[in-house]
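Shared between the two complexes below is chain A, which has chain B as its partner in the first and chain C in the second.
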Partner chain A sequence: MRQVSARGWNGLFAGVLAACVLVVIGAGILALATLIVASAPSIREFGISFLWIPAWNPLHRQYGALPFLYGSFLTAGIAVLLAGVIGVTTAVALTQIGVRWLRSVLSLLLEVLAVIPSVVYGVWALLVIVPIIARLTDHQAGGSVGAFTGSGFGMLAGGVVLGVMVMPTVVAVTREAIASAPKDIAEAAMALGATRQETVALAVMPFVRKGILGSLYLGLARAFGEAVAVSLVIGNQPRSGGGLLGRASTLASMLAHTLSGTVPPLQTAALYELGLVLFLIAAVFYGLGRSYIAREAISLGFLPW
Partner chain B sequence: MGKALEARGVSARFNEQVILREVTLQMPANQVTAIIGPPGCGKSTFIRCLNRLHETTPGATLSGEVLLDGHSVYDMDPTEVRRSVAMIFHRPNPFPTMSILDNVAVGLRLHGLRNRARLAESAEQALRRAALWDEVKDRLHLYSSVLSLGQQQRLCIARALAIDPVVVLMDEPASTLDPLSTLVIEELIEELKRQYTIIIVTHNLQQAARVADKTAFFLDGEMIEQGTTTALFTTPQDKRTADYVTGRFG
Partner chain C sequence: MTRVSYKTGRKLKNALFVSILSLMTSLAVLPLLSLLWSIGVQGVAALVGLFGAPLSRGAASAVLASALVQSLITAAASVAIAMPLGVAAAIYSSQYAGLRAGRTIRFIMDILSGLPSILSGMVVFVLLSGVSSMLAGVLALVLYMLPVVVRMADQVLVAVPVAYIEGSLALGASRIQTIFAVVLPTAGKNLVTALLFVVARMVGETAPLLVILDGGATFQGKAGFQPLPLRLYSALAQGGSVSHQIVYAEALILLAIIVAVYGLARWVGRSDR
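Showing the complex of A and B:
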């Protein structure tokens, strides 16, 4: 009797678990399916060449993803470069701070940075980054950096704001990797008379290299997907080849900027296809990032003690 | 040649918790001094004070003096102290991302030696002194993880010897090893004391009796009794020592 009822509970429990899992996975599949269906007219019209058509021209009913791919890759590249250099250095520095309360306060601040809504970063960039870039590049106003006169809006501003947004992720993942580097190996280095820096280089960095790479891929995924903050500062022009200071668009910023307005059906479909491309690219980067972090854990588990 | 170490009134804490109370102990040159006592008695913390490793743990503080050949190690640069006072840990901890050869050479590299031939020569010498050379000479460029645990521990000993220390601290060096590897390590200790002063922490009384010239018994952060190993084991002065060495507790 008791066994039957226990089995009944187990069955119910398993059912609830399965339902929840189905809802989560189903939502993902549904999103992907919706994107495919909605972008069908554009896929039919342009085929795979959608990826390299270098124009977004409603007048000629020409829609291609190239300008946005260009914008996305370039801004994400700037972002990851910035976040990588500053973020990894910050993570190493944080682990070297001996004062415990200071370390906790700084870590907390970094965690808060990670949950600030992206639109806040966008407004901040609009008020701070754009004027700074404009000041540095506007020749009439005495700026001297760059070959062209810039307005401040453009690729660079987009990349910088993305970099600032991605940085907390890079710091957090790197810090985690450093913290999980084996203590006894670090002590081995210290016992040989290694200085602090030498200990980090000898006994910490070899264990966190892959973790850092993973964090950069996660950062790339986030940078690719971020829309609102970028669309506020990038200038929103669908063109490639504008350079660092030129106005541009990314896949995500284009969606945020345009989808809310009324546009012709084919353009709507093309926008959805941009979304599809974005979805796939972000998924690939995210997957790469996760697999690097996971592999790191496994290889540490294989240590012979 | 080894040099004498002396602890004078060494006390150590982690935050508010007192680990060691006023420990005074002489560790003569070219002898093996064993530190025995039940788990948590502060014996590991004690030897970590001798090479200034204790202070690298967050929250760790200490007072008192440690003299190496009459000079206070707390007046020296800690990296210099650790070059002279080497340490072997309870779990073998070779650098897993380095080859066997690099593991031994890394200390010399740290201290500025770049010449490859001389690095290889010193590494061979250290591996011979650690009684490991014959077992690894054909696979010096493999990762250290191909070695057995016992071999890894001797690799760590070779790594420590390569930078020419005068004292070798050993924190339960055989506690994770099988009986045969333990025997090899103990024979090695016997051999090494001709050139180095050795301080070994062990919870294994037989091991202390086998390898040590001098033994000190620690309990609850205090040094209860010290003396020649024979005297401490056969005619202990303190009742607590007697109880411990006869196996009544611990």
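Showing the complex of A and C:
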């Protein structure tokens, strides 16, 4: 009698927990469905050509994703290039060279970098990065007020901020990959008289290639999804083409920038379609990144934002 | 002769390697130091300026206090909804679901947590048909946090040794008793750390709130609900219309809160390092 009721309670408990799982999954599906429904007018109007219409011109009811894809891929590319080069070498340094206390201090600092909110990165970028770029590129403006180059705002500033925001992800994931590489081979290399550099090149790196690739994909996903800091420094101008110093927009920065204010229905639908495109790209990169990473750790670097 | 030069070559290469690594590591830390320095200096100067002058003191403290309180209420409400739901789902996926079901749930949570934060705000905006309120902000944060909470909690709960669970069940404890007496206490510290990490990230999150509060709402409407990150963003995005002093002060306060929560998380999980 008592056993039966205990089993009943257990079943009920399991059922409630399973319901929680379904609620979370259901919320996700609802979110995706909402995005699709909200962008339906735009999908109907433009079809698949939405992806390569090269202009975003509300006056002519012309809406295309190309300028934002251009901005997103370029800024994310800059970000992952910066974060990849600096982040991977830093991860190697934090595991292979230096004294232990310094390593742990530096790791802690890099984790703090992951916890700083994007709006604070925006403040910092406005205070530091934009003025630096402005000073470096000032001569190109030829002194004309309001010229696009020389202001410091633009694709490069956006890419650099993103690079800093993505770096903790790259460092954390690469470190994790190095930590799970077989130790005995590296030790054998050291025992045979290999230098640090030779050990890393021959006995460590071959085991962490996948991890590095995974970290770069996760970084790309995060760079694509970041809206707030980028929209503050990129200049918010949807253009396909235009150089690194030109003002631009990314998918996410456009959403942050434009949805503040009343916009006509078709433009809203087109904005939601931008959101849908953003979700698909971010999900693909995120999934790719995850597929390369075997081990996991409770680390901020693994958080997807 | 050739032997010696080969050996020095290797040593040189190694020295070059070590110096490049050191250089790159300094480059990696530089942004953080720059950020802390610039916002620290400007923020402290702003706080001194605002609270030093008797005229601005009242207004500044009123603005900051209301933004802080709204931030805390928003954060507390979304944590209160997302944490129990997320941890419950994680208990299911780690303790009840079979191997394949668990893997499927994890995969779905992975994909869902890839949802860029700005989209959760857009979704809630449509679902509530444009009603701009604190509830909308909370729901957006919850939508965006939930899969992450599940994933982080699941990761911690899966790490509890199976032998503990089997031992408990073998002694005749029920599933529920095992979960509350063995699984959760064992995972406790790590679980709290993981959840605090999520809280630290969430307190400063701006994007989910942004669309709800700005989209369609009038300025009067928005003025009613402005947590700290949102105030910061709208002041910066409008540019110049708001006094810069308060922006820096707010950035510093936000940074301080978040680093404090992060420090707490590290402190709770300290002995595991």
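Operating definition for what follows: the second predicted complex is superposed on the first by the 278 of 305 C-alpha atoms of A that agree within 3 Å, B and C clash if a C-alpha of one lies under 4 Å from a C-alpha of the other, contacts with A are read in each partner's own complex, and residues count from 1 in each chain.
Simple rule for what comes next: a contact is a pair of C-beta atoms (placed from the backbone, for glycine too) under 8 Å apart; a residue touches a chain by one contact, two chains touch by 3 or more.
Here the structure is a predicted model, which is why all the values come from computation and not from measurement.
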Clash-or-fit label for the pair chain B, chain C on chain A: fit
First (chain B), second (chain C), both or neither touched by A:V92: second
Partner chain(s) touched by A:V208 [first = chain B, second = chain C, both, neither]: neither
Contacts of A:A14 with chain B and chain C, given as first, second, both or neither: second
Partner chain in contact with A:A79 - chain B first, chain C second, else both or neither: neither
If touched residues of chain A are counted for chain B and for chain C, the larger one: C
Partner chain in contact with A:A223 - chain B first, chain C second, else both or neither: neither
Contacts of A:V171 with chain B and chain C, given as first, second, both or neither: second
Chain B versus chain C as contact partner of A:V23, first or second or both or neither: second
Partner chain in contact with A:A181 - chain B first, chain C second, else both or neither: neither
Chain B versus chain C as contact partner of A:E198, first or second or both or neither: both
After fitting on chain A: smallest Cα gap, chain B-chain C, Å: 7
Overlapping contact positions on chain A, where the chain C interface meets the chain B interface: 98, 195, 198, 303-305
Interface residues, chain B side, partner chain A - complex: 51, 53, 56, 58-59, 79-80, 82-83, 86-87, 89, 91-97, 106-107, 110-111, 145, 149, 152, 156, 159-160, 163, 176
Residues of chain C touching chain A in the complex: 10-11, 13-14, 16-18, 20-22, 24-25, 27-29, 31-32, 34-35, 38-39, 42, 85-86, 88-89, 91-93, 96-97, 105, 108-120, 122-123, 125-127, 143, 146-148, 150, 152, 155-156, 174-176, 190, 193-194, 197-198, 200-201, 203-207, 210-211, 214-216, 229, 232-234, 236-237, 247-248, 251, 254-255, 258-259, 262, 266, 269
Interface residues, chain A side, partner chain B - complex: 98, 100, 182, 184-185, 187-195, 198, 202-203, 206-207, 303-305
Chain A residues touching chain C - in the complex, by the definition given at the top: 6-7, 9-10, 13-14, 16-18, 20-21, 23-25, 27-28, 30-31, 34-35, 37-38, 85-87, 89-90, 92-94, 96-98, 106, 108-113, 115-124, 126-128, 164, 167, 171, 195-198, 200, 221, 224-228, 231-232, 252, 255-257, 259-262, 271-272, 275, 278-279, 282-283, 285-287, 290, 296, 298, 300, 303-305
